[in-house]
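The following block contains the structure, expressed as structure tokens.
Going in written order, the chains are labelled A, B and C, and every chain counts its residues from 1.
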Amino acid sequence: MTLLALCARPTPIALLLAFAVMALIPLARNPELNGYFLTLLDLMLLTYSLNMVVGFSGYLSFGHIVFWGLGGYTAGMLVTTIGRAIAGELTFSPYLLVPLGGLVASAFAAVIAYPILRIRGAYFAIATFSVNLAVQTIFFNVPVFGGAEGLPLKRFMSYQIVPAFYWLLAFGLLAFLSSYLILRIKLGYGLLAILNDEDVAQTMGVNTTLYKILIYIIAAFFAGAGGAVWALAQVFVDPENFGITRSIEMFVAMLLGGVGTTLGPFIGAFIYFAIKDLLIIRFPHLHLVFFGGIIMIIVLFVPGGLVGALRQHVPGLRRILE
Amino acid sequence: MFALLLQVIANGLLIGSIYGLAALGLTLVWGIMDVVNLAHGEFILVGAYLCYWLFAGWGISPLVSFALSIPLGVLFGWLVHVVLIRQVVGKPALTTLLLTFGLSILLNNLMLNIFTPDVRMIRWSQQSILVGPLVLPSTRLIAFGIVLLLTAALYLFLERTYPGRGIRALMQDAEAAAALGVNTARILLLSFVIGTIFAVVAGALVSVVLPFEPASALPLAIVAFVVVVVGGLGRPLGAMLGGILVGTVESFTGTFISQAYAPATVSFLLILFLLVRPAGLFGTTVR
Amino acid sequence: MGAILELQGVTKRFGGLTAVRDVSLAVAPREIVGLIGPNGAGKTTLFNLITGVYRPDDGRIRFNGERTDGLSAYQIARRGIRRTYQVVRPFPEMTVLENLMVGAIFGTPGQGRLLPVEAAAQARRTLEFLGLGGRAETLSKHLNLGEKKRLELGRALTADPALLLLDEALAGLTPSEIDHAVDLISRIRRELGKTLIIVEHVMRTIMKISDRIVVLHHGEKIADGPPDVIARDPQVVEAYLGEAML
């Protein structure tokens, strides 16, 4: 009940409406449009996940894509295993496996969280790169996971983009609501304290270890679920699912929108795609070069991203944009 | 078996010394400026591609490129420091890491566009020197010699010259150094430029002993980070010893387990070190 | 009535340096203890030991009769100890109100957890008490030093701790700010019933507000007694030789 009351504010209402409008997109029966928004929602979900760790706790999780990749492989492995067992196409919607992708990613996060989150600052950031590289190497080389070729799934399921779209939409909405609520409960205040000054947070009574682990596990769930949907939508998963491009994209989207805000990942994903579309027309291969530059410009001049800048310069928006 | 073991160690030593050189640049910048340059892998590749481009395009001997990579490092380091790094010295890690992350993306994708994703390697001299059962490729020996030369030069610079002592003072205690009249801004620029030179030269050496591509930047950077962590932050000698250790571990994994797992081993080594010995093998201070 | 805080032979070494040596000390409920000593005497280190930032190499610390050395910092905090910092450390990117809310949400031992909505009300009450009501929505990095120190005091107070450790809460303040803070401190004891240990260099002030003075020198406790006795103690005067005593 209190939770519902918390959502009666401009930001959540606006986003609920926005998600409702997006739910109408598949009605246009335009495969290209569906595909476009599938990619956008995928990035948005991933950005929400990243923002929970980076924006809420201040820990730079550069290897965040590892959770997305694990979610994808979980879905891929389950589909191939079940498919082989019944020797044919799955008799149920493979998308029902999506939550398992999230859970496996969370489980992995839980295993590495305690050791890795003891490390702070640059050391943590680099350790996450290393975890990413190590996991990618394993999936690249172990035959069970399909090795470099990956796992083609089309023998066991058919290509269906519309359910993928709705799954991502649902998880995107859930990720937003979770972000929004987390910032309003004890966990959120503890994380904010950690972000500001972890040592002080401890002497203020915040169980910093527990809180960092919790947010890491929660964030991993959303990334893993997103990765699972993506793998099923592509009917394919390979070691590129641990690749660097999406890692870059989610950081750009998060920074564009406004790191640490709940509106940021939503807006950031849209701006990212708008910019990318513009760049790709004029500079087909150079868009990532520009995004590198954009990251630097944001860090130097607009560290709060769009939402942060609006909040700072338009006093009336401070209470509205969250 | 014994001969093989010796060979594996020799390989590790020769390659590892180059890692040490690359890490020297990182440890200087990190230790003195408290800026962790995530674009360090790309800085290394700048040297590698310079060497490759001059060799493949113009037939210029890598020996000339090694020399040329020093002024290139000066120019490049100066430019990056003045435009970017200077703005964020003293800012929180979040800021410096994100900034250099952006820089690494920019540089990496530029390289992808200019040099394509193809794997490159300079086939320069194929000769080897035989020492007992050991086969020592001449390119690796030359690279090793250059590493020794540069390390000695850095050592003399830090010990004997006025700016060098300024760098050491700053590494130990920024406030005290400033109070003693060390020109902090100049020293920071100098450190970053030296750090860049070492990265670029290390890259030039990499180009004659290892295959590389734009995607090598991350593994190379991680190797340099591991070496810094193993050797202890801000310790030039530690970086050299750490480089050799990491090179040897990699060489062992590559020979006795699988070449495919070598990068993962280094990652694993890093995580292990951060957990059990955050001050490094040779360090005594706790971070 | 037993002591609320009890230290027995507490020692802390940093490499070769013994920052705190064999310090024993008992603090009674609702007492105000002034902790003084020259620079580097070990005052801040003693606070760090009590709050669990460091573990003592030797000795025991009891809070309300329970051993706390060996507990982690957050566990000790939850038992009802809060502190302020010599070099202020407010949460810079949070508003004044949010800073105090963190205090309230993670404080109030025994009262169970406070929901953020309730914490906000509690935080506002404390802000009024501190005279910071008008700054509630300001980002704390934008405050001046005096305000930051009051903010830290408020962040500690909203947690409703039994014991407050103030590390040079008055240093760097203007005379009128000091008067205000001194008044606050006595009200904190009188109206809120807290126990306080206060580190302070301004002798006149500390002598005035403390029931008892403890003197540290080179990590050792060299004196412990009522302010007027301490002021005349030859050992203390010697320790402060060269520094203005009164």
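Keep in mind that, in the parts below, contacts are C-beta pairs under 8 Å (C-beta built on N, C-alpha and C of every residue); 3 or more make two chains touch, one makes a residue touch a chain.
These figures come from a predicted structure and were not determined experimentally.
**Q** Among the remaining chains, which ones contact both subunit B and subunit C?
**A** A
**Q** Could you tell me which chain's Cα centre is nearest to the average position of every protein Cα atom shown?
**A** Per-chain C-alpha centroids ranked by distance to the global centroid put A first.
**Q** Can you compute the centre-to-centre distance for subunit B and subunit C, using the mean CA position of each chain? Integer Å is fine.
**A** 47
**Q** Where the CA atoms of subunit A average out and where those of subunit B average out, how many Å apart are those spots?
**A** 33
**Q** Taking each chain's centre as the mean of its CA atoms, how far is subunit A from subunit C in angstrom?
**A** Distance between chain centres, rounded to whole Å: 43 Å.
**Q** In their complex, what parts of subunit C are in touch with subunit A?
**A** 51-53, 72-74, 77-78, 82-83, 85, 89, 91-94, 98, 101-103, 105-107, 113, 115-117, 119, 155, 159
**Q** Would you pull the subunit A residues touching subunit C in the complex into a rising list?
**A** Contact set of subunit A toward subunit C: 2, 184-186, 189-190, 192-193, 195-197, 199-208.
**Q** What residues of subunit B sit close enough to touch subunit A in their complex?
**A** 30, 36, 38, 84, 87-88, 93-95, 97-99, 101-110, 112-113, 215, 218-219, 221-222, 225, 229, 258, 260-261, 263-264, 266-268, 270-271, 274-275, 278, 287
**Q** Quick check on the complex: what are the subunit A residues that touch subunit B?
**A** The contact residues of subunit A facing subunit B are 58, 60, 62, 115-116, 118-119, 121-123, 125-127, 129-131, 133-134, 137-138, 140-141, 244, 248, 251, 255, 285-286, 288-289, 291-296, 299-300, 303.
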